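Each of the next two complexes has chain A plus one more chain, namely chain B in the first and chain C in the second.
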Partner chain A sequence: MKFISSDAIPELLEALSASSVVWAPRELTGSGGTVMFERWRTGDPIDLEHFSSLSAKDVVLPRTEKLFGYTYAFGGGLGGAFGNGAPAGEQLVIEPAEPAPPAVLFGARACDAKALDVLDALFNNPEGEAYNDPQYQSRRKSLTVITLACTTCDEACFCSSFGNGTSEKAGSDIIVYPVEGGLLAEAVSSRGEALLAEPIFEESEQAPPPLAETARIEGLERLEEKLPRLFDDMDFWQEISERCTSCGFCTYGCPTCYCFNIHDEMRSDREGERQRSWDACMFALYTQETSGHNPRPTLAHRYRNRINHKFSYYPENQGKILCTGCGRCIRGCPAGLDIRDVLRAALEEAPREP
Partner chain B sequence: MSTSIPQAGIKASEPLRPEPATVLEVIAETANIKTFRIAFDDPALAESFSFLPGQIGQLSILGAGESTFAISSAPSQKGRFDFSVMKTGVVTSAIHELSAGDRIAVRAPMGCAFPTDDWKGKNVVLVGGGIGMAPLRSLLFYLLDHRDDYGELTLVYGARTPEDLCFASDRRDWEGRADLDFAATIDTACTGWDGCVGLVPSVVEEKAPSPENAVAVTCGPPIMIRYALQSLDKMGFREERVYTTLERRMKCGIGLCGRCNLGPKYVCTDGPVFSLAELRELPDEL
Partner chain C sequence: MSELVSDIQKILGETGLVLGWAATGAGGVAAPERFHTAEEAEAAIFDSTCVHNLAVHLPRLKARAVGIVAKACDARSIVELIAEHEIDRELVKVIAVTCPEMLDVKTIWRRHGYGAVIEDDGGELRVNGELVDRAAYTQAKCLGCEERPSASISASVRLQLSEDFQIMNVEERRTFWREQFSRCIRCHACREACPMCYCRDVCIMQTSDPHWTGGGINAGEAEMMQMIRVNHLAGRCTACGECERACPVGIPLMLLMEEQNRAIYEMFDYRAGVDPEAKPPLLTFDIKGDGWGEE
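Up next is the complex of A and B:
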């Protein structure tokens, strides 16, 4: 194990900032205790005590990002006359987005890091085997994840339901453990090992502290089979989604919710950019078609899809459950919905007779 | 259904970035449907571009947005391709503003095609309604281009009124062919129409093509599809021999953005072509 003193952490972040964007948890000024992963700048405080409100997924899936820019060579642009004499190929120019700089995610929790590993299954495939997401890939490949092991937890945490719980190492390059006066650091990947070889880290014989035991729901992997049998039981879905207000927080806060929208933003009448932004399957417009038809017309339909996607469809397609038990959707739900109640009910529920 | 991998026309390195293309010709089909004949601006891409019937593409009017459509032209037609677009929303209205020479941006082809190789030696019955004829037009061109590989070909294509029928010049060709049993039908009789009158499913039942060694393909408004499937079932077409092509709201077209799923399957990559037997295995969330 290595050790870094609390006093040396700003120095470490400063050094990392020279070549990377550094993301670290910080209490937002004037927010009354809201902790978020923010781009760290010299002098910024960091908060390694409280749990962040939103996950760290911005580091690989920014809430809004440019996909490419476009320029119409002549005025008119959208809806105007494009064919006004300029040579073919010069009337409409499409330019790729600038590559994202390397990043370091400092102070992620095991559930945040594992979420990256879960998302990699969809977004980071071997070349030529499936569609890939080049922007996710380039961010992911240049990302260093320094995970803060959880020695405490709260009642919303349920990461123990998924494999290794608080001792999960998937997705991390380094695990740091809070100890008296600083952090013990353990390398998980070769990238992490290289970083820990820096002289700012001292050798240490200290043993890491005991980690928190979070709530555990047994048998979540059985939902892949069970949920399809509950699909047509609309009374069940109606009942469990009754209090939902369709605010979308559960998807925005979630470290594994990745669904996105694509939209164009004009800068002037002749240029603009295509962007993608976080979307939420709990919104009616998510699947609403131009004709007015909506395959998921009610909250019950949308909630059913959300639960099925996480615990049945994604496991079937990608071999991993699309949830890491971080509990953010439970802490942040304004209606007090607890996804664990839904999961337990689904595990117990026998399909009702039609 | 099969796993899709990047294909010509969609850059594996940038699958969400469309390629600039030019509208060569605009054909007004009905009051609200136009066919756009398009070619990629990049000569190498225009040359290498190929697709199979049933595949889809995304058209962008940059600034207005992007929408998904079936490719409606013959796969054998090199260097250009058609999309037939009904004007319904923001993007389709912007597309309808285009004239020959105008720029558009295209991502194509995407999705899985009709399994035409599996149909070799079989009779094929096509049942289309309204704008749903677009993918069937591409399919019919393909079958006619490979005419010797298939048995009897039947097409029933319907719309509400004669003015709502697309592809007038193609229909004239199809009517004249001895190797295609073709009926265009309208919902209710009107002056000036001496063709078939009646809803598409009833006309299919009247024609009564044999289900023996045959496949059926239907595409059209949901209500038409529902009754056409009932008719085909009544006529003895088995579920694994009946195909349709689905539409959903789509954004990315490559199975990432999340919204077009039917259970664990994504219409954009696992579809849009599905057999009825495949659909029966999926959650009913159409």
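Up next is the complex of A and C:
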């Protein structure tokens, strides 16, 4: 194990920010105690005590990102019916997005880091083997994750229901443990090892502190089979979702929800930017089709999709549950909805006779 | 059996559904609950953690008879919904409750951990057994409540913020809001928690044709979105504070609302949600009517 004193942490972040964008949790001023992962700049305080209101997923899935820029330039175009769609006599010039700079995520929790591992299954696969998302992949590959191990947890935490809980190492490069006067640091990847070789980290014989054990729901893996049998039981979904007011916080605060919208933002009729932004399956517009038909016409349909995607479709397609038990959707829900009540109800519910 | 439970059971006989609260939230706080039977209704509670404005559900239930437990500020939303003919007075049965000052549960939990046990005997407030400053954890809207003037008003952090805001010039206000909106994630929790935002799935903020607002999540779009929302609530906001309570990133949205409500009151002598027979000023085209300050 290595050790870094609390006083040296700003120095570490300063050194890291020379070559990387550094993300760290910070309580925002005038925000009623909201803690978010923000780009760290010299002098910024960090908050390693409170749990952040939103996850750290911005680091790999920005709220809004440029996919490319476009401009119609005079000359060379073949007209709309041929090829590139530019008006006759004009040419469509595409300006690719700049590659993401290397980044360091400092102070993520095990549930945040594991979420990256879960998302990798979809977005970050070897070329040619399965789908990979170039933008996600370039961010992910240049990201160093320094995870703060949880020695305490709260009532919304339920990561112990998934695999290794608070001692989960997937997705992390370094795990840091809070101890008297600073942090113990343990490398879990070669990238982490290289960073811990820096002289700012001292050798230490100290043993890491015991980690928190969160509440647990047994049998979540059974939902992959169970949920499809509840699919048509609209009374169940109706009852489960009736407290919900249909905002998108549970998905936007979630470390694993990745749904997005692709939209063009025009600066003029000649130029603009194609962007990708967070979108949420809890919004009606998300599935609204051009014809006017909406395959998920009610809140109950949308809620059903959210639960099924996390606990049935994604496990079926990617082999991993799309939830890490971070509890943010529970802490932040304005209507007091607790996803664990829904999961327990789904586990207990016998499919009704048709 | 409490009076509330028997009231709910009585109304259930007429409506078959009552919106209220039960102590089913984390740490034993209140969570919104729907009661269908007398037996279910036995779980009903009302205390200082019943923060939600349940009137938000009424426009969705407008085709059926429904009972609703309502605080004074929630009742104003119900009145305004009736004034706008969004709900039918005959179908809604209101069970009015006298509220204590409501607690800011979100802030308590941000400071003391989610699910920390809250004990409130009406005088002393304890969190996890430890005595805490009540005023620091009281809902801002209660500190300025016109229905129930409060003793702890001087301690309000929120009023301080409001006063600071009053002395800012336009440029300073712009900077203030830009910073606040820079953390908006456009989750629309403010809109969905608002009883008066009943356009729901056809909201101007999310229509694709015409495309009124951009799709990006950034301070500029968030500012545009909030300005539209505030304007659409002119003369309609009942100051229940749900937008601000629902905001997961702590944007003080009620500062905008209070400012506008004040302007509406000065211009039209109108407070939303007070008289079900009243015509909301911006829903009329009576340009020569009273209240325009014209002779």
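In this section, the second predicted complex is superposed on the first by the 337 of 354 C-alpha atoms of A that agree within 3 Å, B and C clash if a C-alpha of one lies under 4 Å from a C-alpha of the other, contacts with A are read in each partner's own complex, and residues count from 1 in each chain.
Criterion: contacts are C-beta pairs under 8 Å (C-beta built on N, C-alpha and C of every residue); 3 or more make two chains touch, one makes a residue touch a chain.
The model shown is predicted, which means the values in this text are computed figures rather than measured ones.
With the C-alpha superposition on chain A as described, chain C and chain B fit side by side in the combined arrangement. When the two structures are aligned on the shared chain, A:Ser246 is found in touch with chain C, with no touch to chain B.
Of the two partner chains, chain B and chain C are each touched by A:Asn261.
By the touch criterion defined above, A:Ile330 reaches chain C but does not reach chain B.
In the overlay built on the shared chain, the residue A:Gln288 is in contact with chain B and with chain C.
After superposing the two complexes on chain A, the angle subtended at the C-alpha centre of chain A by the centres of chain B and chain C comes to 100 degrees, rounded to the nearest 10. Once the two structures are superposed, chain B and chain C can be ranked by residues of chain A touched, with B on top.
In the superposition on chain A, contact is made by A:Leu54 with chain C only, not with chain B. In the superposed pair of complexes, A:Leu92 makes contact with chain B only, with no contact to chain C. Superposed on chain A, the gap between chain B and chain C at their nearest CA atoms measures out to 6 angstrom in whole units. Residue overlap on chain A between its contacts with chain B in one complex and with chain C in the other: 261, 263, 288. Contact residues on chain C toward chain A in their complex (touch as defined above): 25-27, 29-34, 52, 56-57, 106-107, 109-111, 113-116, 161, 179-180, 183, 185-189, 191-193, 200-201, 206-208, 214-218, 242, 245-246, 248-252. Listed in rising order, the residues of chain A touching chain C in the complex are 28, 30-36, 50-51, 53-54, 63-64, 152, 154-156, 242-243, 245-249, 251-253, 261, 263, 265, 275, 277-278, 280, 283-285, 288, 327, 330-332, 334-336, 338. Those residues of chain A lying in contact with chain B across their complex are 67-68, 70, 72, 77-79, 81-83, 88-89, 91-94, 96, 122-123, 127-134, 228, 231-232, 258-264, 266, 272, 274, 276, 279, 281, 286-291, 293, 295-296, 301, 305, 308-309, 312-313, 316-317.
By the touch criterion given at the top, residues 3-6, 12-20, 22, 41-42, 60-66, 88-89, 92, 94, 97, 99-103, 105, 222, 247-249, 251-252, 254-259, 261, 263-264, 269, 283-286 of chain B touch chain A in their complex.
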